[in-house]
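Both complexes below contain chain A, partnered by chain B and then by chain C.
Now for the complex of A and B:
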């Protein structure tokens, strides 16, 4: 169990009390109109550390005051939702963003006063609470859809159950939204392979690829949910396993890699908890399309949205290195994309027996 | 392991040979121009058996002749793809619809002759092959995205691994695309709860709802994939467990229930393998919205697409009974929908401790 998780599990309520409830109480006791300070999540307060290749929230703060008419509403929302989270904990319930919205939409059933105009409002407040407490919402007991799966030579412990992830048959262990409680008991794996597509994961699992290569395999159902990202990060940092990400040869696939590695600017404060800056990309890159001679039948014409996304990516601070600038420009010039499945044009075995071993040898893990 | 699966696992190649290869060979040996007969999958050949409440393919056949110019192309596609499936089996590979397309798109790499204009063409041929062989494509080794999960007091065997589905921690066993190889070893469950939403599944799993009520819980990630459907059917038919489906209170949720129970008209031939005609609906129905007094903050205005879908559903043969006609008309009159999460307006525990136990008591399993 990670230290962070131990903390979260036992102390969410007390952290919320310490960081939110008590400051308000102290101000009230002094006869002050209460206010809350929150690190700003606006783009101007997000820095990219070029050397460490990581996103950081700056030190700019915003204040939420009961004394200012326009701030009363978010102030009240913050306090009510913080309280609702403590209540769920007390009831032993985990909840979703949507549950929190419904539970807090108005002060009383049928009241014409609305606490929340839409779920957008409660979502933003929960982001504020994450920044204020330093806890992920999952650690506060707020879950989201979980789409990830894991298989390989790793034994974990979750809620008292010992789970051998190498004994899941043709299935896998589905990664829950909250993974901080998961304890890593034992592994003989040498690395982690993250594969964009669930079908490719299933194909490799069917062939026991992970057994042959002594790897943990993870898939996140395309764009990964936060539970999958946190799990990959923990495998990398706590077990010291190198992580390799394999995606489709298109800007959407490359974006998925960047989500595992960096996350998104708009949620920069989650970087420390969710991003895996050591994750490495093993294609399929634009140049791999030609290097691995994917035949023209396996190529798709880039669509407008692809070109737009690639143009945007050229400007992302984390794609400013030589490799990505060259790859993105090659893509924009050739305007061709491809998919993992197109490797089957060579043979059904090509992905498992040629492409992946090749790439992993290049990175020195095979 | 189901009888069907044993058959499929060992005999896919020989079934394809017997049903497709050998008839062609015999015709050629007799000096005839070969042809293939396929049960028609057109709507006119789909019957709904009112009493048994099941979809059936009629006996109308279409012929695919080498002697007719317009039929040469699909004839050739059928033979090539059948061969490609046998090849994948021989290589020990499972493949996706997309892999099959890429592998067969043209006779030679770079050839200007195209075997397949688009994946749509190979998908249709694979449907033909399912009808001709009586095998699901999964049984032929063609997988699709798998999104389902399962948890509860059930021990299974898959690829030699014994998997206790009650020992998966906060996760679950992810259901693969091919579930025919899964053997049911032991269960103490009294029923199966299928829940539309992954987040509701996680919430109930976190609270060990399945343990308290001695149930197997399944979720299919919204609209279920075929692996999840086949698994639910097998749990019902092979273990004799009653199946209950819980969905959002909107036409999309009700449609999901109908997919578990009936499947779709356009794939009527899969009915026997995938549909679970004994699955029962435990809401949330249109009348449940009012019966369980979901407050107005938990109601959403029906959108045009919802109304259109409900109008269509009124005409489906399997929604012709009194219950569904009444429910759909109520929905169309009130034009209000809701979601499982809206029950949290009452309390975060309401779904687990009030709604589901209530409904299951009504059906006599609690």
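Now for the complex of A and C:
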């Protein structure tokens, strides 16, 4: 378990106090109308380091001044929700984003407005608090829908329960929102396979593929939630296991790979906590469609949305390398896509016994 | 003008060309008649220097109330100087006869308006006009007159004197005319309102054919100093003017002639001018040949040694009176007025007054409203062609914090011995560069005052809003910050209050 995040989690209250409460108090004591400084989360303030393949927030700051008519409302919302997080911690409660909204929306005396217009507003404030405190909202005790699962030769400890992830029958262990509470006890795995689709994951699990290849299999239910991403990152960084991502041969699938690998521009500040820069892509790429000769009948025609997304991805800083530019352009030229399951056109065993071993061998883990 | 048309009488000429004097149609005719008589009445009281009480009554003559063209009886009473009895018949019964052909500022200048109304009444109803007037003598002189149009002579139908125990002075005019009051109503009311604004020392009462009673009460008894008569300026005369002067002058040499008949021409300037023109000082003006007169006029335009005309002959309203008028008739939240220094164009002195009124009872229109005045007459027609309007359109109003929704009225007042009207109808002022410049600068001055007012108010508004905002957000902020740092809310709220008080 990461000691740093353990510390952070338990000290949520004191971090909010030193980073938000005390500066305000000091300004008031000096007779200044208080203001808060936040690193800007706007696109212009996101840097992509080409060499290290890292996303980082720049140094541009925005201020929230209590003296400004246009800024006093977000200023109020920031301290309101910060205080509410501390209260939840004090009561030992784990809460959802929606809980936070309902707990803090209230009428204001002397105004027709409410403290919060919608959950959207409190969600944005929570993102600001993440940037200000350097804590993930999960570390502050705010959770969201968790939908990822994991299976393989890994023993963990969660809330005092020792759980062998290899003994889940035909099911798998559900990855919780607050992954930092999970302690890794032991593993014999050699690598991690992240597979986009629940169905493909299940088929491989029925076949005990992970046992045969001594792997941990993770599935995020399509677009992965933050818990799943944090889990993959921890498996990679704390256990030193190489991570491979396999997804559909379409822009949506490739985007999912990039979420594991980089996160998103709009949440660039979570890169350090959630992105797994060492994750590697093992297809299915556009060129794999033709390399593995997926028959014509197994191919789908790209839709407008696919083409639009591919066009956008050409401009992502992390897709600027030769490999991805070539792949995306190939896709745009041929306008064909394919699902993982289409490999079954060759045979039902093709994914498990030919495609994956092939790809993993290329990367030297098999 | 009178000379050029000696073949037909002046009355006949205007009878044939009544359109040019503003009698185009029944609605316009009733408006113009009322306006001309009210202006005569106001001019009469300016002369006597007594705050005017004007009473105007319009009643329908032929009984049946229709919305169509009908015969109306118009009665206008004033408490002005009155007309000496021997002048009464000509003053109302002879076109182009009057007291206004001298060079000083009066409301009308043709001496035509009142008679035109009477003439129009006569040709549409064939009824005589009734005049009663007294200069404060023991008698009031009453006349019933008609105009002999072909001979341009008054026909006295009836004459009667009344005893004047109270030494009343003033004039009453009553006559019938065909008109369309219902189409003219809004213009008439607008005219009276603007007249009351620019004549804030007058009481004006108007009863309309339906018996509606409109009253414009004076806001002050103070009157602007009356204008003085003045001589023509050499820059402003033409050959015809000179020839008329020659006919009446007692001067036997041109040097005396120049000194006697022109504005701001003394011995020295007259000498230098004659030298410049190559005219002998001893030349007898009565013996000058036509081409000599033409040369004299040409030289007058070319000589740059004349002094500019002074403005003593003008009677602008003055900033204080203009403001009084604006406040009483428009009831704005803010008003700024400005009188420019006298200037001249082509030898005619003029003074521009400008004002801006904002907010209060002024309604929001999606455009700036303009009230135009010339020699204290409101100008209501042909607004789009007026120099003031083109000046206002040329200004970037956003610089003065004025948007199309801002409720403002801009007033311009041009006073001159010769207002540069573009047409005979006297409804809009021509684009003279000198006049345009004065109007532009005048409007800018009042616009800057408005801008300062709006800025100040905006600041006060945002201060008030800010304080209100603190009342709303302050308690939530103090409770939350208190919770975060572990201090009671009151303590934080105190700190906030102290800090805000210092700002």
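By our rule, the second predicted complex is superposed on the first by the 359 of 366 C-alpha atoms of A that agree within 3 Å, B and C clash if a C-alpha of one lies under 4 Å from a C-alpha of the other, contacts with A are read in each partner's own complex, and residues count from 1 in each chain.
Note that a residue touches a chain if its C-beta (ideal position, glycine included) is under 8 Å from a C-beta of that chain, and two chains touch if they have at least 3 such contacts.
Note that the structure is predicted; figures quoted are calculated from it, not measured.
Of the two partner chains placed around the shared chain by superposition, chain B is the only one that A:143 touches, whereas chain C remains out of contact. With both structures placed on the common chain, the touch criterion links A:21 to chain C but leaves chain B unconnected. Judged by the touch definition given at the top, the superposed model places A:298 against chain B, while chain C stays out of reach. Residue contacts after overlaying the shared chain place A:131 against neither chain B nor chain C. Of the two partner chains, chain C is the only one touched by A:66; chain B is not.
Of the two partner chains placed around the shared chain by superposition, chain B is the only one that A:162 touches, whereas chain C remains out of contact. Applying the stated contact rule after C-alpha superposition, one finds that A:173 touches chain B and leaves chain C untouched.
By the touch criterion defined above, A:109 lies against chain B and chain C together after alignment on the C-alpha atoms of chain A.
If you count the residues of chain A touched by chain B and by chain C, you find the higher number for B.
Chain A residues 87, 109-110 lie at the interface with chain B in one structure and with chain C in the other. Those residues of chain B that touch chain A in the shared complex are 87-88, 91-96, 98-103, 105-106, 109-110, 143-147, 149, 156-163, 167-179, 181-182, 197-199, 202-203, 205-207, 221, 295-298, 339, 341-342, 344-345, 347-349, 352. Contact residues on chain A toward chain C in their complex (touch as defined above): 16-17, 20-22, 24-25, 28-29, 31-33, 66-67, 69, 72-73, 75-76, 79-80, 82-84, 86-87, 108-111, 115. Residues of chain C touching chain A in their complex: 462, 465-466, 468-473, 475-477, 479-481, 483-487, 492, 495-496, 498-500, 502-503.
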